[in-house]
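Got a structure for you, written out below as structure tokens; questions coming shortly.
Chain nomenclature is as follows: A, B, C, D, E and F, assigned in order of appearance, with residue numbering initiated at 1 for each chain independently.
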Amino acid sequence: MASSSSFLLLAALLALVSWQATAFDPIRVNGFVCKNPMEVNADDFFKAANLDKPRLPNKVGSNVTLINVMQIAGLNTLGISIARIDYAPLGQNPPHTHPRATEILTVLEGTLYVGFVTSNQPAPNKNKFFSKVLNKGDVFVFPVGLIHFQFNPNPHQPAVAIATLSSQNPGAITIANAVFGSDPPISDDVLAKAFQVEKNTIDYLQAQFWENNHY
Amino acid sequence: MASSSSFLLLAALLALVSWQATAFDPIRVNGFVCKNPMEVNADDFFKAANLDKPRLPNKVGSNVTLINVMQIAGLNTLGISIARIDYAPLGQNPPHTHPRATEILTVLEGTLYVGFVTSNQPAPNKNKFFSKVLNKGDVFVFPVGLIHFQFNPNPHQPAVAIATLSSQNPGAITIANAVFGSDPPISDDVLAKAFQVEKNTIDYLQAQFWENNHY
Amino acid sequence: MASSSSFLLLAALLALVSWQATAFDPIRVNGFVCKNPMEVNADDFFKAANLDKPRLPNKVGSNVTLINVMQIAGLNTLGISIARIDYAPLGQNPPHTHPRATEILTVLEGTLYVGFVTSNQPAPNKNKFFSKVLNKGDVFVFPVGLIHFQFNPNPHQPAVAIATLSSQNPGAITIANAVFGSDPPISDDVLAKAFQVEKNTIDYLQAQFWENNHY
Amino acid sequence: MASSSSFLLLAALLALVSWQATAFDPIRVNGFVCKNPMEVNADDFFKAANLDKPRLPNKVGSNVTLINVMQIAGLNTLGISIARIDYAPLGQNPPHTHPRATEILTVLEGTLYVGFVTSNQPAPNKNKFFSKVLNKGDVFVFPVGLIHFQFNPNPHQPAVAIATLSSQNPGAITIANAVFGSDPPISDDVLAKAFQVEKNTIDYLQAQFWENNHY
Amino acid sequence: MASSSSFLLLAALLALVSWQATAFDPIRVNGFVCKNPMEVNADDFFKAANLDKPRLPNKVGSNVTLINVMQIAGLNTLGISIARIDYAPLGQNPPHTHPRATEILTVLEGTLYVGFVTSNQPAPNKNKFFSKVLNKGDVFVFPVGLIHFQFNPNPHQPAVAIATLSSQNPGAITIANAVFGSDPPISDDVLAKAFQVEKNTIDYLQAQFWENNHY
Amino acid sequence: MASSSSFLLLAALLALVSWQATAFDPIRVNGFVCKNPMEVNADDFFKAANLDKPRLPNKVGSNVTLINVMQIAGLNTLGISIARIDYAPLGQNPPHTHPRATEILTVLEGTLYVGFVTSNQPAPNKNKFFSKVLNKGDVFVFPVGLIHFQFNPNPHQPAVAIATLSSQNPGAITIANAVFGSDPPISDDVLAKAFQVEKNTIDYLQAQFWENNHY
């Protein structure tokens, strides 16, 4: 009873309960249900994230530093997260989707060529590809679930962007990695037909090292 | 138009409020203004869909017959749709996502090898691939936004499934088509690096004919 | 502590958290919080449901085989479920509601006479009854919370339908059973006046055996 | 375009909740879009509802005065409504459901015997009936979509209650009226079997005058 | 303890929609799921709240008796709560917001002067103040998150109102108390500039005793 | 019909989330419904916002540049927006709430002292004030509906932050302006008692010029 009433106080204290889970589901899961509400403090809503600091790019030339509910427990249920993305010269954040979030991206440094592809259209229409070159201070929206990417076209200068997502746990699916780099691999029979290539091309692709630049 | 605007009045009539709304609000708006609710009838909730009839497979060996809000205006705001999927021997419903819906699939005829890939995992983990062979009467779930496919492993017999989706307008993104068959094409510089292949491989892929088997 | 942090990994692993509970609430609830995320597999999204197999009808001549979150834990939070319904000749799925779901029904075998009643209308209008005769392959929608039924008018042939619902836990309220077969019974004073019959008619009804054909 | 930007201001002005929309958006749109936002005033959120005044009971001995989005346009999308219910001595608000709302009832005058029935339970369990006698100042909850009623057991004194509902357009389905008083009637073959009575009993019921005491 | 754990089982029993989590997840997670559902009863949905009884006003001349999920466990996830508010002659329910709920207020006794302020408007427009004098039986809506108050202008007679809110845990933020009476206090540098007064005025305000009349 | 089917394509094209809609549907309706979907392009998701450029502070020493659905129509229904906030030395973004959004703030330049106040607590507890000093790259969360502020404690250096909000139309209520600067003014009788000061202090406050720094 202590724990449940404590939780109620905690819930009230943080005033985050409504018709959905509370800001403390994970904390609650981790056993803070019995935590004395008096011990909750500003640090439950804070992260020294160093989002001002550049990160080393991965093999495709980018690095995503995501601050989501796993970094800030207080974000839970609040439906938002934020990331810094670094792009090496000619680097890219490769085609990916966020299964549970729309993204707004704004450029802090450099230039980015960005785009997304719409969902399938009635035949004979193809999926539409919308793209734009963004300069410092420009803003672009990637609607929920659509395949999108960012590419730094500058061969000499890095680029930096802030991306914000409409979920505290947006998830990310890097298309090439999910399709060709899964564990275990997807059957090459299936992929060869789906991608209209020979199985050995699929085998070659599946033999590559697929590094996820964020999750 | 009659049926959709009829629905609108019915919507008012039935006050089908739910915790959602749809891409059809505007149509409802346009239809709603000047229509007599007395004209609403059962046909606004009905479709002679012939879901019992086989369909000819497309080039990857499948055919999706989707009944969504575009076929039944009365589905508007109700958050569900249904499809029949036909699979030729060795045919597949290639890797795709539904940006706005979870799918339950049940096998009516034949056998299907199905699977989905999880979203990116913390390094060094790879995206997990979960798969299963389904026989007649089996049920499988594809969570919202995840890449999934169905393949008919039988070289001699077709297969049939009923798929249901948790949106009246789930959308579909066939991965290969969206990545390699968009209009206009995505830059081959971007794709070559993302997929770790030569640009000419990308150019070859982009030169194929990409047919969407559903939308 | 270990178990709860495992859950967090699990949640992250499956990337199913957004601003709502995760696909694994039931697992967590049922005590799987301590399950090693590495042990999660395709079976968490699968059910050998035998939906291709006929079921014996109950006393009103139907049988509903529902696959919801209780059969597939992975369905939790995903907002969809599916059922096979068998109808004996002249059998029916009696008037009922789903308090939390809209239903799409498609006929696999035979013929069905189906209908639903709208909510109360401004006086002097009565509740509207919308009905339709469905043949194989036809599709019909029953909006959330409305009283609906299916009846097999064929005296010689059974019928089969697939019903899908917009909740992983739609619930069902068979009207006659809830009103006349509850435990304990509703006061016959109340029911006699509500149904405009003598108390002995209510007593007679309450004395019947009320079998729920699904829940 | 002027009208749409006007609506923008209006929308901001009314602070409409953005994570919900309703079947009444079109009405709202058609009612407000062209209105000069400067003309919006307190009356858009007000109703001289006379909820302090007794109403004459209908034939089952009750009268529901509902204040929903049709009485107060400003309620649109806000997810709540309120009603005054008058009960004659031995009067009742007969068994009904609200397809889109939970209800809280509080007694202002007199005594009420209230109850609701749960959804179907796994066989062999019956639907559970929960009931309570409420005195002045007591509060009771009827969960969304469940069949419930209120009855005034006092043969000499009227009763009064305030009911509040978790939707600006909750809807109401009076069970007896929807089942036996619809337009057109439901087939007596279907109802006779569903209610386990002779067809002439159904015919008798369908011949009654069914008055909805609220919608 | 009984009521909260009962709720958990009832939650399972009634199959409350599970795509949301509740204030009781942790309790459920903590093992109450195994409790015998047969122990759930009507009292889990009932509160002898004495809402018919006057309460003594606080220092600003009002008293709010809120019945939310902490008083009735069965309200959990159902999105509604109710309150009785007493107003002394010239008493007020001071300017406050509900971060998670819209409010409908109806006057049971006396007269109330009520109002709310819109969110910020595009410059040079000011926040609009909408007000109304309510008499017995009148109804007024305060949209979610907006600053509102009620004042009893009658120097001799008390007033009484029923307020209902669109959340089972709406929360309340009394503006003056939150701004000037927090623990610890907000920096007087910040407040002096924000409120355009001398720091000593802020210090004076922060030195007052701030009593919350509800939460 | 042309406009409605056009909208359908547009709907698919824009991949509007189907379990959500907003107060801005009418804009979309008025702005897009009649537009030929073939004319939709990347600019519908783009804004040359110059978020890299400093803005001149207002009288309280800050300036908020919000990019919401009014700047990018494609944001409609997608539940997210972004803002750049400039702070002069010793400048502040004064205490305010967002009635429909949680905010994540990250510091791009300088230092910020930030805080929020919880909702009312059970007596005798006061509203808790949580605060933190943020340096470049730090991240802080302000939960939906709670009063919060940011202050630049540096007397010599400006500060810059990026704020993201979980709604495409979050709204903003600057407390001092809404309380003391509304049009028309709130009664000074009400405010004097609520804020425990003399009416002439309220009159003085109401006589100030209240400038909203954002909406």
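Quick note on the criterion: a residue touches a chain if its C-beta (ideal position, glycine included) is under 8 Å from a C-beta of that chain, and two chains touch if they have at least 3 such contacts.
Source: prediction; values computed, not measured.
When you average the Cα atoms of each chain and compare centres, the chain farthest from chain A turns out to be D. Chain D is reached from chain B by a rotation of 120°, derived from superposing Cα atoms (nearest 5). Matching residue numbers shows that A-F is the pair in A-B, C-D or A-F whose interface repeats D-E, with more than half of the contact pairs in common.
Although chain A and chain B carry the same sequence, what matters here is overlap: shared residue numbers make up over half of all numbers found at their interface.
With centres taken as mean Cα positions, chain E sits 37 Å from chain C. Chain C has its Cα centroid 24 Å from the Cα centroid of chain B.
Residue positions of chain F touching 2 or more other chains, listed in rising order: 12, 15-17, 20-21, 25-26, 29, 79, 99-100, 115, 119, 121-122, 128, 131, 143-146, 171, 215. By the touch criterion given at the top, residues 9, 12-17, 41-43, 45-53, 67, 72, 74-75, 78-82, 102-104, 106-108, 115-116, 118-119, 121, 128, 130-132, 134-144, 146, 162, 164-166 of chain D touch chain E in their complex.
Chain E makes touch with chain F in their complex at residues 60-61, 92, 94-95, 97-100, 113, 115, 117, 119-123, 125-129, 131, 143-147, 149, 151, 171-187, 189-191, 193-197, 201, 204-205, 208, 210-212, 214-215.
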